[in-house]
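In structure tokens below, several structures.
Next, two complexes with subunit A in common: one pairs it with subunit B, the other with subunit C.
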Partner chain A sequence: MILLLAVLFGTGAYAVIRDGSYVENQKRYTLGYVGAADNSLLRSGVFLLENEDSAKEMIELKEYENEDDAKTALRAGEISAYVVITKEFMGQLDALANGEKLKYYATSGQKGITGVMMDEIAAVAGNIIVYTEKGILSLDQAMEERGYEEQDRILQMTDCFNSYVDAILNRDSKVEIVSLGMSDGLSTPAYYFTTLMLFLFIMIPFCGIWFFLGQRDAIAQFLKAKGLGPARQVLAEMFAFYLLNIFGQLFVVILLEISRVVLKYDFATLLKIGFQPYMLLPAMTLPILAFTAMGFFLLDAIQGVVNKVLVTFIIDIFMAYVAGFFYPRVFFPMEVQMLSNLLPSGAALTYVANQMVGGRLLEPAIVLIAYTILFTFLSIMVRKARIKL
Partner chain B sequence: MIKYLLLFKRLLKKKSYILMLLVVPLMIILLNLISARESGLMTIGVCIQGDGTASQALKQDLMDNPGSFRYIMYDNPDTMSYDVRFMKLDEGWVIPDTLDWDILNMKSIILIREEGVSHLLAKEVLLSRIYPFFAKAYVNQYVSDKGFASDLSEKFESINVNGDLFEMGYFDGAASSNELNSTSYLLLPLRGILALHLMLCAIAASMYYLEDEDNGLFIFWHTRFRFLREFGYYFVILLIPAIMMLLGLKLGGVFTSFFPELIKIMAYVCLLIGLASIVRRMLKSTKILGLNLPVAIFGSAIFSPVFIEFKEAGNLRMIFPSFHYLYSIHDLHYLYTMAIYAGISLIISCILAEFFHTSS
Partner chain C sequence: MIQIKSITKSYGKKSVLKNLTLEVEAGKIIGILGENGSGKSTLLSIMAGLQHPDSGYFSIDGKDLLKNSKLRNELVAYVPQENPLIQELTALDNLRMWYDKATLKKELDKGVLRMLGVSQFLNTPVHHMSGGMKKRLTIACAMNSHPKLMLLDEPTAAVDLVCREDIYNYFEQFRGQGGTLIISTHEVQEIELCDACYILKDGALQEYRYDGDIPHLIGRL
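This part shows the complex of A and B:
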């Protein structure tokens, strides 16, 4: 089972590292479009976007004959979004009157982060169109006031429009990008590699759930009668549980090392930091201890297999989400970012990340040890109560 | 009927059941609290060096309309640089005072740590925020180059052009009108998390079933159709969590409209019951089912759109029930695939129940 988990983990790592977060991925957005066939303004716009414009690094365009083809492509994941460009919309744009809205479809599922990014892109495009129109229209008004003929005005507006397009294509010259370097942080692939690993180890206690099913109270009382009090029972069981999880970690590390040696995955380049899988062993020991203690407490204290699973899952995934395992930590409000360091998940992330980049280990280590002691203590209390009953 | 009610009562007797009921709304309340605070997909520091009209207007615009980003104003570019390096900011923008008096030749500086598509997008956002001022200056420049005398600024300001050009659409428009508005992006994974939660409930129900089978519960429960008994058993366990899920979606602000949601969740429940029974009959052991829990979680989290959309996996994703459910919300096509999948799995589990049973 751990094998299957490890395979899944590998796929997940692959998915996430390739996909990155929606904010930091290296993959371009692919925009499909339908309906440009007979509009020359649009065709020239598409040509510019595909060849001249710097946005071609961010967006790739694909044309579709009809909306059904585009829909199928969106469902199959070939494009990130598509737009249907109607004759009415183009007519309006030509006439510089904006009544109709253009619809873009970014997902066939529910709105996600890609959708939010698409909204931003749409806002950018909207802004540029609107203010260009304003410029051209103000020129038109001025000329009309001076008594120019319509013919002349149209010629002039077209010239102005072309001029604007030139300026827009050259907008990169208005910005200078200065890269300050990755001095103190994890690269995006390394970040997600770490969070996925940690998520795996938060979930691993579920593998041992059978441990906590069955006639536990009777066994506990029996052991007490034989001289093993609640504290010793809990410590022994937790130790066994911990070993199980360590074994899981060992297995994952071995798999990663095999992939490094046999399949020649160079983790150092993939993750952009000097990292080898065997380094995970010392790095993860303390986090796994904390997760073991937490998993043990939750799975032991809660009664009923359905309740065990559901409550533990919700707590685990909420903690993982808020600590920045799935979306980057900076997505969350400042207060949450700071507080997440006090959660086992957040402290674990800081602890492991700092080991990779050489940051402070003391504070997260203290948090993790504190949680281990807390959950062990709570488990002993629960066991004591069970024995008394 | 009574037997199902008794099953239900047995669930309620465990004190932890209340905890289970409370944990979902509690999580949603916390998420709501979190998303009410200020946050952004990217946190961008902005240092506007000028203090003329254009600079003030740009500052105001960024503060009033941040979109999905979060802007923090800085007075000193060096402090901002420091914050970018030490990951307090995703990037920093330095906008010189030439914004006010020489915008056509102005050059802004963007400070980043690492290259990526997000920075390309942020660059476009920066340029599009400056663009209104640029466009005005540009047309004036154009006009004076051509020899016309006047300043078109007033005209420019006075022309009203409709700004709302683009709109996100969904395939199933009718169901979506609520969600299209201001749900915080932080709450977007909520439905995925709850779908996973329901799936785990089905697996846990399987484990419960096996326990009861070992304890001989079904020996005394005679029935003509084992399949119906099995279905009822699962249904009783899944009912309350499913209701909690609907309530949770409502609380979290991602609810669409009542009947579509109800139909989709019922189809999802049927699919889960079918798959859970089949898997249970194949694996036959609580231990192995438990080992499958993280596999199911991880698999569904990767292959269905809970946090990410892993489109490369293509049609492989259709194995996972949560994939169909999550996509069916806005695309009826997936409701049909989910219903077909549910139908097939229920038929298979029916056949298994009637003809391949090992106990009564």
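This part shows the complex of A and C:
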């Protein structure tokens, strides 16, 4: 069972960062646009966006002849959103003053990462494709009304356009951009790789549930009568249980190392941190210890197979969710984030993430050690009560 | 000589054992009778070291075993009512937890393990064993330290007649070697095996001479 789970999660982790479509998908959102075909400046803007600007890493632009086609594509999921650039918007000098708005359509119901990404994309598209061109078109119309010849107007507009394009294309060098990553300072692949690993290790105690089935008070009593008290019993059993979990960790690490060495898969580049699979061994030691102690306590203290499975599963899922294993915790309210840091799962994520990015380890380590001691102590208390008839 | 003096034990406000006193000479089999919840298991668990009495004294040959747990673990063997064996392991693997290799071989050849007939099912996993085999194996595990006193909590409950006979034979052999047995029981066969019987009632022991009159015995409980 442990092998099965380890293979499942190992493969999942591998797939998350190895899959080419993921790499492709993670940087490119398809954005449709309608209505720029008959304007050369707008076409230039689109060209820049597609080929020269750094936004090209995120956006793939797709032109549609009319809005119905764009709408159909949106409904079919071929594009994430589309922008309609109306003739009124392009042709009128007073468009800016009138507050003429760009029409922007996107699929609904997607908040969070995708929603944030789409807002960013819309902002980029709005700034580069529309407002740039609007300014230039406004200049053209203003010069025409003041009686400038077409040759002069084109010269001025070209200068203006080139200056603007230059500023846009070099904007990255004009500001200091510090990437905090999606959560805990990790890149998106590294974050989900870490949470997937932690979710595996918080679930692995389930693989050892047979360890707690068919347990009899008589065994604990017999051992006590032989001189093995509750503390020694619990520590010995917990050590065996810990080895079981370490075995699962080793298996995953071996799987990932094989992919690194044999398949030449470059983890460090894809996770965007100087991290290699073998580093999971020291990085996960404390989290696995805390998860082992917690799993041992829950599975040992709760009576009945169904109760053991149900209660432990619900607690594990709750802890995993609040800690941000399924969804980055930066999107949670501050109170939930604070609670997360106090839970074994949340402290484990902080601990592993900080090892990867070189952050502080003391606080999460203290939380993990405290939980290990607490759950061990509680397990000893449960055993003590069980020994007494 | 086994001495139990003024043992007292309460669970909250409920007093289970009240100044309980008992003296047993070596080489005797003593039966403790009583209704369920009368305190038989509590008495055995105190002697086995599973819990502490509120007050009292328990010794073998003058050695205070309540204060010397290491000595108690050596001198007292406790056989609980349920089997305390690891179900997935074979008889041999269970024995290996308690016997070193050399002792195990010696005991299988001519010691306690031979007497209990454990060698017949050495490679059988516990979950494939009969109730009698499990009980014999449990006794075998309990006897690893060559104790002087064996405490048994309803030892032949759910054990077939043939195995009972084997177990009783072993009790006789153990007694013959100077060992003492204290058995908590409801079984008439075991009562007949005892040199003396006591009824545990209202937290105190009363000696009872069983003469085959079961209705009288029931009336006393």
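The definition used in the following text is that the second predicted complex is superposed on the first by the 213 of 389 C-alpha atoms of A that agree within 3 Å, B and C clash if a C-alpha of one lies under 4 Å from a C-alpha of the other, contacts with A are read in each partner's own complex, and residues count from 1 in each chain.
One rule holds for everything that comes next: contacts are C-beta pairs under 8 Å (C-beta built on N, C-alpha and C of every residue); 3 or more make two chains touch, one makes a residue touch a chain.
What you see is a predicted model; the values in this text were computed from it and never measured.
Participant: First (subunit B), second (subunit C), both or neither: which does A:V262 touch?
Facilitator: It touches nothing on subunit B or subunit C.
Participant: Once the two complexes are aligned on chain A, which partner has more residues of subunit A within touching range, subunit B or subunit C?
Facilitator: The partner that reaches more residues of subunit A in the superposed model: B.
Participant: Taking the superposition on A as described, I'd like to know which of subunit B and subunit C A:L362 touches: first, second, both or neither.
Facilitator: In the superposition, A:L362 contacts neither subunit B nor subunit C.
Participant: After the superposition on A, what does A:F222 contact: first (subunit B), second (subunit C), both or neither?
Facilitator: second
Participant: Determine, under the contact definition given at the top, whether A:I387 touches first (subunit B), second (subunit C), both, or neither.
Facilitator: After superposing on A, A:I387 lies in contact with subunit C but is clear of subunit B.
Participant: Check the residue A:V330 against both partner chains and state whether it touches subunit B (first), subunit C (second), both, or neither.
Facilitator: A:V330 contacts subunit B only, not subunit C.
Participant: Show which residues of subunit A both subunit B and subunit C reach, each in its own complex.
Facilitator: Looking at subunit A, the two contact sets are disjoint.
Participant: Over in the complex, which subunit A residues touch subunit B? Could you list them?
Facilitator: Interface residues on the subunit A side: 1, 4-5, 8-9, 11-12, 15-16, 18-29, 55, 57-58, 71, 75-78, 96, 98-99, 101-139, 141-142, 156, 160, 163-164, 167, 171, 173-185, 187-188, 199-200, 203-204, 206-210, 213, 302-311, 313-315, 317-318, 321-322, 326-327, 330-336.
Participant: Using the touch rule from the top, collect the residues of subunit A that touch subunit C in their complex.
Facilitator: 214, 216-219, 221-227, 387-389
Participant: Under the touch definition given earlier, write down the residues of subunit C that touch subunit A in their complex.
Facilitator: It comes out as residues 41-42, 45, 48-51, 69-70, 73, 76-78, 80-87, 98, 138, 141-142.
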